[in-house]
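Paired with chain B in one complex and with chain C in the other, chain A is shared by the two complexes that follow.
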Partner chain A sequence: MATQEVQPNETLTNLKAESDTLKTKLEDERAKLHDVELHQVAEKVDGLGQFIMKTRRTLKGHGNKVLCMDWCKDKRRIVSSSQDGKVIVWDAFTTNKEHAVTMPCTWVMACAYAPSGCAVACGGLDNKCSVYPLSLDKNENLAAKKKSVAMHTNYLSACSFTNSDMQILTSSGDGTCALWDVESGQLLQSFHGHASDVLCLDLAPSETGNTFVSGGCDKKANVWDMRSGQCIQSFETHESDINSVRYYPSGDAFASGSDDATCRLYDLRADREVAIYSKESIIFGASSVDFSLSGRLLFGGYNDYTINVWDVLKGTRVSILFGHENRVSTLRLSPDGTAFCSGSWDHTLRIWA
Partner chain B sequence: MARDMSDIDILKMELEQLKKEVSTPREPVSKTSKETMDWCEAASGTDLLITGVPDDKNPYKPEKGGCIIT
Partner chain C sequence: MSGSSNLVAMKKIVQQLRFEASINRVKVSQAAADLQQFCMQNALQDPLLTGVSSSTNPFRPQKVCSFL
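The block that comes next holds the complex of A and B.
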């Protein structure tokens, strides 16, 4: 059999053409089932009353931009990380700082609280995710007990413990996500499919099984099976980087926030985008999103320093929250749903209730 | 790692993924939206940001100015 000379440009063009044909077919299949809009179905739902939320606590102490935060399951402790390399554990009720760790790198872009409340994980420009057990002894040097768990070949953008303190899921600027065993540091599963930096991830609510969603600079949101490492579903409707993804509390949908100034809702069973939360007056990117407990409200932190609150079903904006003096970079609802915390480039965190 | 892959490899990866996705089972939006709405309405009773929490039960109200004795 004569060897075929493969012209690189031809193959690239052929592959692209095949890819475009399949993308069109996928869109057609999805469009067939797009028989109604979510807000139309939601017309008969009562509108929400006036919505007032104010800053109830301001957590001051970081020396530079706050990049990430996470709540402890005890509903009062918070871990936050900053560009200045510091990771701080706060008591949100009293605003006291309980622990502080100085990382060996700046831009600590990711931090997470362990389900037990006994440890925190963090990482960033060091390309790693490290776990620090939290000591009851305030004088103990936490850095001494640090355990390096994850190793990527580029920055760590997000991390999350799974159901236990034993496993961590990470996403990275190297384009992959990975699942790690905390004790041994072993890589359990890696997830390939993004064409560029992965910026965010969120685990499905535990009742709905072993999946997670990730968003990236390739404008795609991918849903993954944690055991097989396979990408189950992929959505590409955003027009720019996806900075944040969060599952709807039922686990059947997820929201995303993007540099294209919109937040969107994707329904996993219909396999399509079902709502866009946007306004002509909102032109700055959304950096972080989270739902209220029932999923009726979507909170979005934006680069124009505001937090917009959306009625998820009706697609309308319910409220704008002002207070931060620079970009809102991170936002999460408290575990019992009574409040949410936002972190900002203005060096502070705010608790809203 | 995506950053180390050539354009051709990335396209091949995308193509493999698209082939799988075209045959994903999916349901009509009218059905799934109704289910989402029903779930949301059923859960709204427990959503404290919608139902509201009386000030004396909310640890974050009143604003910090005095001390809270529990």
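The block that comes next holds the complex of A and C.
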């Protein structure tokens, strides 16, 4: 019938018009509150003195690019994963390798330490996230106790335990994030909204509640409610893939690192970008970011082999750290904030303090 | 019918946008002041800002051992 054919198209047009109006309204609302820049507010703050950090340990042992690393809560152990398919647990004080697992796939892009320190999770091109309990017996074959927890339809890009060993949050090249029960492997919640690969995620500090942020190839950073699965806020100001996201220690903001060679700070209560960390001389993508304990410093690992240290409030670069001989792919502050670890395509990890 | 699935998708987008447009926001001056205050309050507890001596930072070089 002619009238029935016209109806759906009309409603589609109306919805499209409403969507455009809402997008403009969002921009206007955000712009109204943009009364000052962060660095202007921070003008009266003392500048940071000379900042010297050096490589204190170099962890050698991976046979190919290091793709991801995570600290254990004991502040000395580290898990790292590599393109060579190996996942290694190190004692960062002594640089000894404590455990090594060979995954059935290459490109293990994600790894995470369990809060208890008794297990590690990892995955990559196998599209899964698997949990390996760490045995005190060095001779025991860890691969035998492996538990497959998450199943995606494309590569696993990041994983993180929540506050306990019982749940894992994952992000994937299939465009989704998901929350899983470790014991049963059951999918507890899935998060849809990214238009392409999700590359990174970070959980909000536990005091601020059940949310997490994800970043993807669609240039968007999304903040999600873990219980409902809803996207609460969305930010799209980067000009290329977002490789890394990390919450500011207070939980009120988060930083992102992107292939557009910038790092940015987004404030959740102002619902907008409040700072850009960039220089004309920095033209290579930022692969990973993390804050110091007070949130004053932002460390960024870049594809030009360097680590740039930024004054978060003033927006200026405080220091540039050289040492890696290839792209820096991953970077995390130690749990007590006294050091940070970087992993690189040069096959090594470095501890800086 | 592809028409109705486009409709469903579009409705979801509009719903999401309505939700996002309705949240409460604060002024950047307020948000920035809070970020700054957090930094200042926690600066003394930030080992990388205050500097940590060799005796407390396990990664800094220890005193040189001499061979007996």
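Some observations on this one:
Note that the second predicted complex is superposed on the first by the 332 of 353 C-alpha atoms of A that agree within 3 Å, B and C clash if a C-alpha of one lies under 4 Å from a C-alpha of the other, contacts with A are read in each partner's own complex, and residues count from 1 in each chain.
We take it that a contact is a pair of C-beta atoms (placed from the backbone, for glycine too) under 8 Å apart; a residue touches a chain by one contact, two chains touch by 3 or more.
What you see is a predicted model, and the numbers here were worked out from it, not measured in a lab.
Once the two complexes are laid over each other on the shared chain, residue contacts for A:V45 go to chain B and to chain C alike.
Contact with neither chain B nor chain C is seen for A:S206 once the two complexes are overlaid on the shared chain. Contact with chain B, but none with chain C, is seen for A:S196 once the two complexes are overlaid on the shared chain. In the superposed model, A:R296 makes contact with both chain B and chain C.
In the overlay built on the shared chain, the residue A:G175 is in contact with chain B alone; chain C does not reach it. Of the two partner chains, both chain B and chain C are touched by A:R57. Residue contacts after overlaying the shared chain place A:S148 against neither chain B nor chain C. Of the two partner chains placed by the overlay, neither chain B nor chain C lies in contact with A:N163.
Chain A residues 8, 11-12, 15-16, 18-19, 22-23, 25-26, 29-30, 33-38, 41-42, 45, 48, 53, 56-57, 76, 92-93, 193, 230-234, 248-250, 252-253, 267, 269-272, 274, 292-297, 312-313, 336-339, 351, 353 lie at the interface with chain B in one structure and with chain C in the other. Note for the complex: chain B touches chain A at residues 1-5, 7-8, 10-15, 17-22, 24, 26-37, 39-41, 43-44, 46-50, 53, 58-61, 63-64, 68. Those residues of chain A that touch chain C in the complex are listed here as 8-9, 11-12, 15-16, 18-19, 22-23, 25-26, 29-30, 33-38, 41-42, 45, 48, 53, 56-57, 76, 92-93, 193, 230-234, 248-250, 252-253, 267, 269-272, 274, 292-297, 312-313, 336-339, 351, 353. Contact residues of chain A toward chain B in the complex are 8, 11-12, 15-16, 18-19, 22-23, 25-26, 29-30, 33-38, 41-42, 45, 48, 53-54, 56-57, 76, 92-95, 153-154, 173-176, 192-197, 230-234, 248-250, 252-253, 267, 269-272, 274, 292-297, 312-313, 336-339, 351, 353.
Contact residues on chain C toward chain A in their complex (touch as defined above): 1, 3-4, 6-7, 10-11, 13-14, 16-21, 23, 25-36, 38-43, 45-49, 52, 56-61.
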